[in-house]
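Shared between the two complexes below is chain A, which pairs with chain B and chain C, respectively.
On to the complex of A and B.
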């Protein structure tokens, strides 16, 4: 099974507020908030780490969630955000010129 | 309530500065007749200082960041600042006159993921716009730049300041914005100069002219609701605050001074001497601004407009008291609804002051 790699779009803005990550796409002004688990995936989206590894290290270990369920939820989350141009997805590592870190 | 409004309200309630307006320079290549700024450079923050401030703002939770001036592109390091800000993942808006923007600059702005560009245009007639900016050819250059940015897919808004010089040009400019395919906003507010000089207030359009703006369906989509008489004042209204200035919003000058708002020149600290969060959390002035509820306002607390008025605490401060009325907003409330404000009635009772027509005995005129 091919790996999935994810990275954040350069068109987005993001900031933590009260435990939720606010995300806005400058292209169409869509605005999202991410919960704690989604934020952990989001912050680990560096284009180099496979999604499976992100789910294992950032979700299962930190939030005590079943691995299969976490993987399914993560794929759905990634699919939704990629449709809005918030995340870029590839089956190859994604080179990034910069890896912004939202605080 | 939209998700965005919900998060903005959360920031307000928690005292998080979710939105900051930062002027990176007061220098400008235009000399607009209504401008409140001193364009001399009295020691702008360096590139390194601004980057340090941006680090602090990101740490403080700032999400919406507006870069303005002066003319931002007069700073040779502006793209470096912009790139740094986007690297910190701010949602960035730029206010500019755009005369220095060509295709290359428009492309770079788009590549950096800037959210919105707001551009000052004062008329659809080049001679009127250029007379206001005092820069010959500025209209042609600005409109050309707007087209470059539109072609890059950027969200562009034409912002018009309505004054005596361009009073009847709003419709023409709005039509031009539509033809070019960009948004249009209008503001009839002229503020005193930073040094307190009020001479430019003579450019304000007369109150009698405001209904032309307020009752224009092309500018006000929900006309009936907008011009409706104010609803009865409730206890909740009196427990409310004027605006987000000092609560979840602040302004930073090119010299590092922090104010509650760009229209509220109450010094609260300087970022060259203190950390931003020290100013935000501990400034006595900001604490005072945050403490003022509608029920604490000297005249406005008894005004029927208190819940719907656009009362600006900064304009009130410039008029004498941050707890007092802002006469310009009183006029707007009156001419929007036809119902006089408490401040107007108070002034009318005091004698020949204020905007209401008064009838006095002939003897008093002698």
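On to the complex of A and C.
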């Protein structure tokens, strides 16, 4: 099964407020609020770490969630954000120039 | 031998930004002087816009496009094209003489300048009551104009449509604007510290409810006037929205449309730390 690699688009702005991550696409102004689990995936989206590894190390271990369920949820989350241009997805590692950090 | 062209000018100051409007068409100048009466200023302008008027034409329904072109900003819609250099403050606007085109140009320009300075223009009515400014935002039909109409005489109406918000060391200030909605009446040229932002909903009675921070930011971002496809400014705007929500109470105000809603507003106790 091919791996999935994810990275944050350079066209987004992100900000943490009261423990929640807010993400906005500067091109179409779509706005998302990420929960804790989604935020963990978002923050680990470095273009080099496979999604499966992110789910294992950042989701299952930290949030005590069943691996299969976590993988399914993560794939759905990644698919939704990629459709809005907020996450970039590839089956190869993605070279990144700058992954925006939330402040 | 050079032939001089007479240019007339008036300076319109909204918030802290004075914009000189220059034209060789005296009738156009008279029209915009009337439109922005109450906001004329003798200040040194921060921005100078020269106008090149085209033939009369309808107000455009096209979307506004705002983009960078080198060091300049370009604003375009069916009824205007503007190029503005933020470093020199100089700009050229080519538009037909309808005042709505000029309103749009000024709103875009103010939104760009304000965003860079940590402020914003908001789809909201605003008013000063007992020395404090209150903002009333919401979707079309939520009640912005209704709230403005219901305000008692002691309340100073800043706008029923587009609120001007800028930061100061203690929080945020709201300024009056000439941008009118259904009331068709410019706001007062006044300023006061922002005490609360209410998102309006009509209902059977009056009540104020908390909004979670993320929901407050989401609603705020949805109602801020912002046109530019520019990541740096969007980042700045998102940071501003989060900062605003941390500093200013943001609530949902459900109201029955009669004058008692202003008792609810007057009695609102500010709680600076947001839920």
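Methods note: the second predicted complex is superposed on the first by the 103 of 103 C-alpha atoms of A that agree within 3 Å, B and C clash if a C-alpha of one lies under 4 Å from a C-alpha of the other, contacts with A are read in each partner's own complex, and residues count from 1 in each chain.
What we mean here is this: a contact is a pair of C-beta atoms (placed from the backbone, for glycine too) under 8 Å apart; a residue touches a chain by one contact, two chains touch by 3 or more.
All values derive from a computational prediction rather than experimental measurement.
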Q. Once chain A from each complex is brought into register, does chain C clash with chain B or fit beside it?
A. clash
Q: Give one of first, second, both or neither to describe whether A:57 is in contact with chain B, with chain C, with both, or with none.
A: neither
Q. Is A:17 touching the first partner chain B, the second partner chain C, both, or neither of them?
A. both
Q: For A:76, select first, second, both or neither according to whether it touches chain B, chain C, the two together, or no partner.
A: neither
Q) Now for A:33: first (chain B), second (chain C), both, or neither, which partner does it touch? A) both
Q) Taking the superposition as given, does A:92 touch the first partner, chain B, the second, chain C, both, or neither? A) neither
Q: Would you tell me the residues on chain A in contact with chain B in one complex that are also in contact with chain C in the other?
A: 10-15, 17-18, 20, 22, 24, 26-27, 29, 31, 33, 100, 103
Q. Across the complex, what residues on chain A touch chain C?
A. 10-15, 17-18, 20, 22, 24, 26-27, 29, 31, 33, 100, 103
Q: Please name which positions on chain C make contact with chain A in the complex.
A: 212-215, 217-218, 221-222, 226, 229-231, 233-235, 237-239, 242, 245-246, 274
Q) What part of chain A is in contact with chain B in the complex they form? A) 9-18, 20, 22, 24, 26-27, 29, 31-33, 98, 100-103
(Q) If we count contacts the way the header does, which residues on chain B are in touch with chain A in the complex? (A) 2-4, 7, 10-11, 14, 16, 18, 58-59, 61-63, 86-92, 111-116, 153, 155
